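For clarity, chains are labelled A, B, C, D, E and F in written order, and residue numbers in each chain start from 1.
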Amino acid sequence: MTLLWIALLPLLGVLVPALTAHRRRRFCSLATAALPALALVLTLAHWPSLAAGEVLRFAVDWMPALGLDLAFRLDGLALLFNSLIVGIGLLILLYAHYYLSATEPFGRFYAYLMLFMASMVGIAMADNLLLLWLFWELTGLSSFLLIGFWSHRSDARKGARMALTVTGAGGLALLAGVLLLGDIVGSFDMNVVLASGETILADPRYSLMLGLVLLGAFTKSAQFPFHFWLPHAMAAPTPVSAYLHSATMVKAGILLMARLHPAIAGSELWSLIVTLTGMITLIYGAWFALFKTDLKAILAFSTVSHLGLITVLLGIGSPMALVAALFHILNHATFKAALFMSAGIIDHETGTREIARLGGLRRAMPVTALLSTIAGAAMAGVPLFNGFLSKEMLFAETLAAPLLGGLGWLLPVLATLGGVLSVAYSLRLIHAVFFKEPREAPAQPPHEPPWLMRAPVALLALLCLVVGVAPVLVEGLLGLALEPVLGKAFEFHLSIWHGVNLPLMMSLVALIVGVAAYWRHANLRRLIKGFRPVDARLVFEAAIQSLGRIAERNLARLDGGSLQRYMTLLLLTALVMGVLGLAQMPVLTGSKGNQPLDGILLLGAGLLIFGGIGTAATHRYRLISLLMLSVVGLVVALTFARFSAPDLALTQLSVEVVTMILLMLALFFLPQKTPKESSNRRNLRDVGLAGALGVVVASLNYAVLTRDNASISGFFLENSVPGGGGHNVVNVILVDFRGFDTLGEITVLALAGLAIFKLLNRLRLFMPHSDGEGRLWSPDRYPAILTSISMALLPLALLVSAFIFLRGHNQPGGGFIAGLVTAVALILLYMARGVEWTQQRLDFPYQPVAIVGVATATLTGLGSWLFGYPFLTSAFGHFSLPLIGEFELATAMLFDLGVYLAVVGATLMILANLGKVTTPHRPAKEATESHATDTASRSGKEKH
Amino acid sequence: MLDFALWTSMALVVAALLLNVYRLAVGPDMPDRLLALDTMYVNSIALIVLMGLWLNTKTYFESALLIAMLGFISTVAVCKYLLRGDIIE
Amino acid sequence: MTFLRSWLPTPLLSSLLLVVWLLLVRSASPGQLLLGSFLAVVIPLATYRFRDSAPRISKPWLLLRFVLRVLVDILVANIEVAWLIVNPWRRLRPHFVEYPLMLENRFTITLLANTISLTPGTVSANLRLDGRTLLIHALDVDDEAALVRQIRERYERPLKEIYEC
Amino acid sequence: MTLYVLLEGLIAFLLVAGGAFAFIGSLGMAHLQDFYMRLHGPTKATTLGIGCMLAASMLYFWVIDGQPHVQEMLITLFLFITAPVSAHLLAKTGLHLRLRRADRTRGDPPELRDEEVGEKPVPHPDLGHG
Amino acid sequence: MESLYAITTGVLTACGLYLVLRGRTFPVVVGLTLLSYAVNLFLFSMGGLTTDGAAIVNGPGGYADPLPQALVLTAIVIGFAMTAFVMILAMRARSEAGNDHVDGRSREDREGRS
Amino acid sequence: MIAHLIVLPVLLPLVAGVALLLKRQAGTRLKRLVGVGSTLLLLLVGIALVARANGGDIAYYALGDWQPPFGIVLVLDRLSALMVLLTAILALGVVVFACAGEDERGSNFHGLFQWQLMGINGAFLTGDLFNLFVFFEVLLLASFALLLHGGGKARILSGVHYVVLNMAGSALFLIAVGVLYGATGTLNMADMAVRLGELPAERTGLVTAGALMLLVVFGLKAAVLPLYFWMPRTYAAAPAPVAALFAIMTKVGIYAILRVYSLVFGDGAGALSRLEQAWVWWLSLGTLAVAGVGVLAARDLRLLVAYLLLVSVGTLMAGIGLGSPAAVSALLYYLVHTTLVTGGLFLLAELIGQQRGKAGTRLVRGRPLRQGGWLAGLFFVGAVAVAGVPPLSGALGKALLMASAEGSQRAWLWPLLLGTGLCALIALSRAGSTLFWRSQGDPGGLALPRSQWFGVIWLLSAAPLLVVLAGPVSDYTRATAEQLAHPQRMIEALLNTGGTP
């Protein structure tokens, strides 16, 4: 359970600064430090039991479906890393307390720092591969926030994004690798994975998996060629750099390689890739560190180089190499953190990090100079400092490594070269800053910082020295850490003096040549001017930007915003699908043969085809096209009648009229003709596509028509009278069997009314004052004969709609048709008498009518609840009254009444509102007319 | 005799409809086409009535009634459109 | 009487509606009579606001005579027009005739215009905005004045007589 | 018996006559010279044709069912109400559009003269189309 | 008869689709209307083509399949609602864009781009 | 009431909508009360439904008391319950958000909103193919109306594309339903499944054509590759609450594919079994690729979110294409995540746009945000979740889906899924740094109302919650996937006497 606490305490620590940020900084800093400190104590408290050979584990299920457990382990490796992460983290916190200026949001900074610490601890302790990956990515996110902390600076923003992108990409690769690994092993449990080394190596997917995992590790640990983000991450505040690039972020990749070492190392492939990558990185980083002029840049490239060093060691993979690797992790963390912090102090005091502008600081800040020199010496690998020891071990291991066959000599030579360079850049760093005379005197004389700010540096420098002199002290820790990495216990001994041997010679060479190299530094500089590294940031930014541009261009090519293209794609897809289905039919014609043809049918088909083709062919002359469409509408109604569907015929007829009125109303405000725009080729293509789909539809239709259909309809025919109380089966289906459809449908109708009401809101239309040919409008606004007839027709129409409504349940008719008839009669009044006159007499709002319709239908349906039946259950009964005789009452009629009201209301909402919008005789007449001329002149420009 | 009369009548109505189509297609002016459409509506009443006689059913009475009552409204709308542009004003 | 007035403002329309209802439902059962009467009362009341002040019919029996006469005219004259259309040797003599109206009420004018349109050979083409002149297109006219006279005597006068105006 | 034969004959006559009127109406519409003349056919002949057929239908169902069927009269009623209105509006539209009349047409209504009173002369914005 | 029916729905579908592929809103709306006619005819016929079999039950007899009829009735009404909406949307689009192209771009815009 | 529980997700919003629309002039407060209250009730109903469905029984509600296959039934299984609950959760955040004033910018917002919910829930619950069409139309028209809420040129113009394409889609739907009815004689999906099992071989092609055309329709609604084009611009132009609600609309298409093809074209359908899968699979990969490009290309936050939604569509479709219960379970988990998170992001984009003044949501330098810290924090959460980066829900969903791929499927899916993830990461980091870091001038704008904060936080809190509750949620989705893999149970429940009416 304490394991969980160790892992969670830093995470909870995120909340502490968030909650205490409004207090004084000292309080906040102390409070923030408390939880991680506790975690550190708890970690160290387990040292004895670890030393006794235990591996502590904790696990609870989290997401079994994925194999993700909340599982932590504390072994030697985790102990080593936890100590580094939390220990140095606390020092950084102390340092940052002084480093941040008074105006900066320190609470936020601390929170990010804690988040970062928590995620690193998570990586160190995760006992489940997926959990490890979760924390892995979390480091990327929190480092993004930290690097971009000074968000007003462009380099900070870009550096942060670059780090996130590169490490994020690596993280995605790692996910794939982890999933593969889990698949190979059959579990994401770390113990199982670590124990399955042989299975893993034998699996055919091994190399792919290894590649993916290493991609993750290399990007995070800034190995060549993914190193480029690291120097740019230096835009972060120095405490961040000190933390991320000494002990933590970049070590995550190393940690991963170490953690998985027993499982995935041990192949030739591993050694080759890891060693070579490490070696290249080592030289590359060191080389460029030598030529950087910014303190932090030098440190950054040296970090790259040192990470390469550790990687080389992990690649070699012999027990001593692993010891060396772990040792150097520790050493690098100490001296690099110290150096970063002192660089921050210098920056803080002098206002610059350019070594050209610095110099002679040993006088102004002697203590800092001393501490930095110690750390620098450790970095250079000077004897008696810790860096010397691990570097010598590297030399020894490169000599012993059985790699590269005949080129085996290359490794030690390169390692020595790396040593030379590291001596040179370390010397340059220290000498140029503290000892060389400055070119110009600083504007303000620098001072020593507060001693507490210096304390972390002092502590770390002291560690460099102590460990360098008495490496025995860390033997225990390294031994513990080695065991999980190696997969077994291993006895070793660290000492300063191994006698005069080849590694010692190499160290000496490195020292001497390194000093010389610094001496002839200027010449070297000239020498390499030719191949200066390209600025990774510029390349990266350009790459990202051109990626965006390419994406935009391709997207534009793909999606030109053209409806015609979208529609073509939609239809093409539908065509392909239809053809695929039809292609599977052995014969199109089914067993049910054709019924005989007669003249009327031929005429009907001819009229339909005439109307359809006419509509399409005359589409540029819109009014004619409409008339053709009307022919189709009429003949469709006749077709319904011909094939035994009187209800459909009635509906189609009345809808046809309403549609026509609607289209006429709209056409007034649209151009009367369509300009000829489409090329003939395009027209031909469209004809082809439409025709092909037409053929598909016809074939499907024919195929179905010539086959028998064992439909469920028999049930409706049988139950219509006994169960639904109506003889008109279609109507009973509509209001009873499938009343739910109808309820949805009147909702759609009401919605259309509402939507159109919305559309018409503040609609600005221009009112043409003459027709398409420039003819003026007729002055006769309301032709008298039409006026009289519309009035005479109204009562008759209402009577007919009452008739159609009442008989609907048993004969063709029903609420829909009745509603449409009523609505059409009222619309006729609108046409004949105008909006003003009609509105005065129809002075109720239409929306409530439509909604009351829906409500009536709904409530009728709900009524059945009272009797314990499901929604929409109908009831009917035959009653008998004296004089009147027998008659039928059915709840379905009430439902149908709802339909009637909804249809009337919605249709009027649509048409009358549309009519109203376009009518100049409104209160806001002037406004409209000015708009109208406005728009008219605008539309005038549209002429082609 | 009735059958013969029925088929004759149907043939005549079919011929009438074809003449309507001719006028509709040829125009030359919008009112001509509109007139053709209007006549087509009326002729289709004849068609429906004849169908009712042929099938011996009164199921289609309402269809005919509706055409007689509402058919002219499309015509009115188009006329109003040609006369005034705005059909509801 | 006032009760009847307020509930049955247009008895003729109501009776027409009742008749139409009975025709529609093809039944004269007591139930349908009741329902029809109900509708015949309610619908006029509901649509009362949409009626202009219609002229009152003072002599309903004359209306019946008028309707019958028009029906006969339609029948007889239609045959004439059919012949005009079919006969290939006949040259038509189309004529636009301006007909000065005597009637003033719009509703009665409408009745007249429709009658003119229904009776063969003539279509009322335009009622001028002032409501005084009706433009008539005649298919085959020899004597313009005779046509005007015929319309006046045969249709317009009876209409004037039927409605008290 | 003879009554039935007589009735059947009447029905048949009405049907054929109705078809013939409908045809002639459309024929007139198709082949007469100008729009105003074409208007006459459908307005009257067709209407009458439908009337005949409806009468035939009434008689037929009367005979079949043995009870009077006068429902179809309603269709005729509606046609008589609506047909002249559409004819009138069509003619009015034709005049408004100044459709050409046959040369020998007599009478010179101002509707067809060049000058006409209309509304504000603002050109239609879509004039340029097409 | 079935083949003729099928050809007719096919032709109507094709005509509707051709119009739907046009570049101006009005033909597109007309095309959608035409398409919905075609689709309604198609759906209607899925229960077979029956002569003299209106589904008004009174005694035994070969009735047409009433279910597709009910479906088509629903489809007609929904189609009308949609048509009305899209038509007025097209009006609105014209008033916003100043032209009635389906993409709201005038010819100059489009030529300027490509 | 308990007996009628299944129909409540449709009736509740229907009745609330009626009440709201009936009194158009009612006071704003009253309308908000009704709108939020109804949505809250819907949430409770959703919870009750999930609780009931989690028992594993499949229940149905026979409307009008007409038993299947004759009448229309609403079907409650784990999937439909989950979708209804998800809708309610999303809707609550959205409707509260809208109460800050967006609802008053046009007419009838709350009523239309309720009816939109009715349409969505109906589509999720119905067991009848034609009824599905009807509910599609309800939700479409409601969405049309809501889309235009508040007006504006971009909305209208993108609306034209949206509406016209969807109308064409509706025509295809009818054709497909017609063919399926013509070939099988039924509309009830379970019944259709049974009949397909006994289908004469000569009709296979007919049914295939119908089924594949139906796939086109669902693909259009889901916004999958060759049919997605209407989506990004439409969603980007929609008012924020509507766009957020739209996050579930593409899922209706996904749901329909899952439902119809698992039930009707399940294992019992013989040669027709899972005929959609190959198509869905390849199209999903294409969608992912295109969406990745779109994400990189987007120069506006709303458009970016819309393309991220497209990524999620591709991801979900890939889950269907994989087809295994594990994959379906993964996609359901991912579906819950992506619906809520993208919904939240649409809302958040609105808030950001409000505070950035003229720059709006365009990814250019703008003025600093008045409440930048909080907004940035929320954006960070949303971005992390939607990009599929740990430790939030997207990562788990994506990992789950990747893990469920097998063999050669991985070679296609993994690179694409990871690649789009990277694109999202690049684009979102760029967007975030531009919006919150790269600013100049003085902060302007007004402090945001509390209800808006609530809406965003309510939805985005799904990201951490789905991680914390990953176990139970994935257990539920796993059980759902198993249920879908065995359509026989539903067929028995619906057509024999198994279900409770």
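In the analysis below, contacts are C-beta pairs under 8 Å (C-beta built on N, C-alpha and C of every residue); 3 or more make two chains touch, one makes a residue touch a chain.
Computed from a prediction, not measured in an experiment: that's the story for all the values here.
Common neighbours of subunit B and subunit F, by the contact definition above: A, E. Chain closest to the overall centre, judged by the mean of its C-alpha atoms against the mean of all protein C-alpha atoms: F. Placing every chain at the mean of its C-alpha atoms, the farthest one from subunit B is found to be A.
With centres set at the average Cα position, the gap from subunit A to subunit E is 39 Å. Inter-chain centre distance (subunit D to subunit F, centres taken as mean C-alpha positions): 56 Å. Subunit D and subunit E have Cα centroids lying 30 Å from one another. Inter-chain spacing, taken between the CA centroids of subunit A and subunit B, is 60 Å. Shown for subunit F are the residues that touch two or more other chains, namely 130, 134, 137, 141, 144, 148, 160-161, 164, 168, 175, 178-179, 181-182, 187.
Residues of subunit A in contact with two or more other chains: 561, 563, 567, 571, 620, 626, 642, 646, 667, 671, 674-675, 697, 700, 704, 709, 711-713, 716, 737-738, 741, 745, 748, 751-752, 755, 759, 766, 768, 771, 777-780, 783, 785-786, 789, 793, 796, 800, 811-812, 914, 939, 942, 944.
Shared contact sites, meaning residues of subunit D that touch two or more other chains, fall at 20, 27, 39, 41, 47, 69, 71, 74, 78, 81-83, 85, 88-89, 92, 94, 96-97. In terms of inter-chain touching, the protein chains here follow a pattern that is not a line, ring, star or complete graph.
This structure has the following touching chain pairs: A-B, A-C, A-D, A-E, A-F, B-D, B-E, C-D, E-F. Taken in their complex, subunit A has these residues touching subunit E: 561-564, 567-568, 571, 594-597, 601-602, 605, 608-609, 612-613, 615-616, 619-620, 622, 625-626, 629, 632-633, 636, 639-640, 642-648, 651-652, 655, 658-659, 662-663, 666-667, 669-671, 674-675, 677-678, 686-687, 689-691, 693-695, 697-702, 704-706, 709, 711-713, 716-717, 720-721, 727-730, 733-734, 737-738, 741-742, 745-746, 748-749, 751-752, 755-756, 759-760, 763-766, 810-812, 816, 903, 906, 910, 914, 935, 938-939, 941-942, 944.
Residues 8-9, 11-13, 15-16, 18-20, 22-23, 25-27, 29-30, 35, 38-39, 41-42, 46-47, 49-50, 53-54, 56-57, 60-61, 64, 69, 71-72, 74-75, 78-79, 82-83, 85-86, 89-90, 92-94, 96-97, 99 of subunit D are the ones touching subunit B in the complex. For subunit A in complex with subunit F, the residues that touch the partner chain are 61-68, 108, 130, 133-138, 140-141, 144-145, 148, 151-152, 154, 157, 160-161, 164-165, 168-169, 171-173, 175-176, 179, 182-183, 544, 547-548, 551-552, 554-555, 558-559, 561, 563, 565-567, 569-574, 577-578, 580-587, 590, 696-697, 700, 703-704, 707, 709-713, 715-716, 719, 723, 736-741, 743-745, 747-748, 750-752, 754-755, 757-759, 761-762, 845, 847-848, 851-852, 854-855, 858, 862, 864-865, 869-874. Considering their complex, residues 20-21, 24, 27-28, 32-34, 36-37, 39-41, 43-45, 47-48, 69-71, 73-74, 77, 80-81, 83-85, 87-88, 91-92, 94-95, 101-102, 104-109, 111-112 of subunit D touch subunit C. For subunit B in complex with subunit A, the residues that touch the partner chain are 10-11, 14, 17-18, 21, 24-25, 27, 30, 33-34, 37, 40-41, 44, 47-48, 51, 59-60, 62-63, 65-67, 69-71, 73-74, 76-78, 80-89.
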